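Consider the two complexes below, in which chain A is the common component and chain B and chain C are the respective partners.
Let's turn to the complex of A and B:
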């Protein structure tokens, strides 16, 4: 199991790029390809945005603590915050994907407001998404991306 | 590097070029520009993504809100020049069905040109 790397930043939008660079550098070193790194970038962006907007409700309310670990077959990223419990499993999938049109777009936009689209991206682009809430630790969101086998 | 440029092509048709990342660092600015242009009710907008490298859910929401407003006012927001990674994000959410997306800026301009020439203007002969 690889060493754990930790970054602790203020919960602000201008820190999201720092988080993305930190995580994707780790992902690249772990052997993720360009496409997987792009997916990781988007999911880290959405996870951080949801922490600021929904767990904390504003910027500069509390920290975002990000850590990653490269295990044998998986790259594991964990987000911790001390905001309100925000369980992605409680956020419904946006309803319309295949038939999104002018008639249902308003409903879809409402769902996007509660972080639904970011969560959808995480579910679609990561291999595993886990959530845990602990009174001491706060919200803990874990994103897992499998590392393709490297050629010998 | 990032920037947003706007240019009026003809009356009622604007071009916005997004460069770099359409995330929290640029979306509020894009939102402001779109709102401003849409004060002119029937205004249509081409958003050129050929220099854009990234979009997140906030960027998508901004474009969708603007598209909805444009359509309700008789205008439109069309997109062009999306790179493969950005196209993947649009497709994943089904937004490729909501927006008219052209490969190039030229094709997007041609679309509005053809609308103009079809419209009875009274001075076209």
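Let's turn to the complex of A and C:
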């Protein structure tokens, strides 16, 4: 328990499934159920896509370094990249969740383009989302999913 | 040959176009879906049913392709509806607010027959 596992891949779309397999295998071993693993899959996909599209701005600009740690009550995944600062907290969530309609599709699409929907998924599906920018390390995004008590 | 896990088939029915999609829709291949939907709409088929029964996974990149196609269809006074999504795919649409609320962007039908009947 508590051992950290690290994967370092090129920031390319075709590496995202490698990232997903790496993280979900760890999550399964840590005791996350099928639904939580699906949510983890979606959030790792969105986090990786945002790194390529917004921190790096293109494929093959820099690496995505993913690590996870299974603690007693939480599965913690960290994404590191060396792109420009991309703070999810600065990205507005798509606005029209209650009244999305024909008249505001364009605005909604623009918000989707800046990663807003992916960030919305992370906030909704993970138990904790943290962001930190360090001049030496770069962008650090941490996703936390609580592990249900076994046998409950 | 594409390395994509995505399969897309377009069939012309009498009143609508039926687009059957299978596999995973994510940032590696959402542009393929985007292209097919736009080409179909550009070719004059403004009313589309997207059957998602064989789609096992969709990310926001896939949703973006579908919302973008919906906008194109609506510009031409058409519509784009969804048929038979799996519970997981339906959950992603709901999470994005695309099929919920007072005026949901997409209408979801249990099967193609019901979807055809909506046009």
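One rule holds for everything that comes next: the second predicted complex is superposed on the first by the 150 of 152 C-alpha atoms of A that agree within 3 Å, B and C clash if a C-alpha of one lies under 4 Å from a C-alpha of the other, contacts with A are read in each partner's own complex, and residues count from 1 in each chain.
What we mean here is this: a contact is a pair of C-beta atoms (placed from the backbone, for glycine too) under 8 Å apart; a residue touches a chain by one contact, two chains touch by 3 or more.
The model shown is predicted, which means the values in this text are computed figures rather than measured ones.
When both complexes are overlaid on chain A, chain B and chain C end up clashing with each other.
Legend: residue contacts after superposition of the two complexes on their common chain; A:26 is shown touching neither chain B nor chain C. Once the two complexes are overlaid on the shared chain, A:16 sits against chain B and chain C alike. Once the two complexes are laid over each other on the shared chain, residue contacts for A:118 go to chain B and to chain C alike.
Comparing the two interfaces of chain A, the one with chain B and the one with chain C have residues 13-14, 16-17, 38, 41-42, 45-46, 49, 94, 96-102, 105-106, 108-109, 112-113, 117-118, 120-121, 124 in common.
Contact residues on chain C toward chain A in their complex (touch as defined above): 3, 26-28, 57, 59-61, 63-64, 67-68, 70-71, 74, 88, 92, 95-98, 100-105.
Looking at the complex, you find that chain A touches chain B at residues 13-14, 16-17, 38, 41-42, 45-46, 49, 94, 96-102, 105-106, 108-109, 112-113, 117-118, 120-121, 124. For chain B in complex with chain A, the residues that touch the partner chain are 23-25, 54, 56-58, 60-61, 64-65, 67-68, 71, 85, 89, 92-95, 97-98.
Note for the complex: chain A touches chain C at residues 13-14, 16-17, 38, 41-42, 45-46, 49, 52-53, 94, 96-102, 105-106, 108-109, 112-113, 117-118, 120-121, 124-125.
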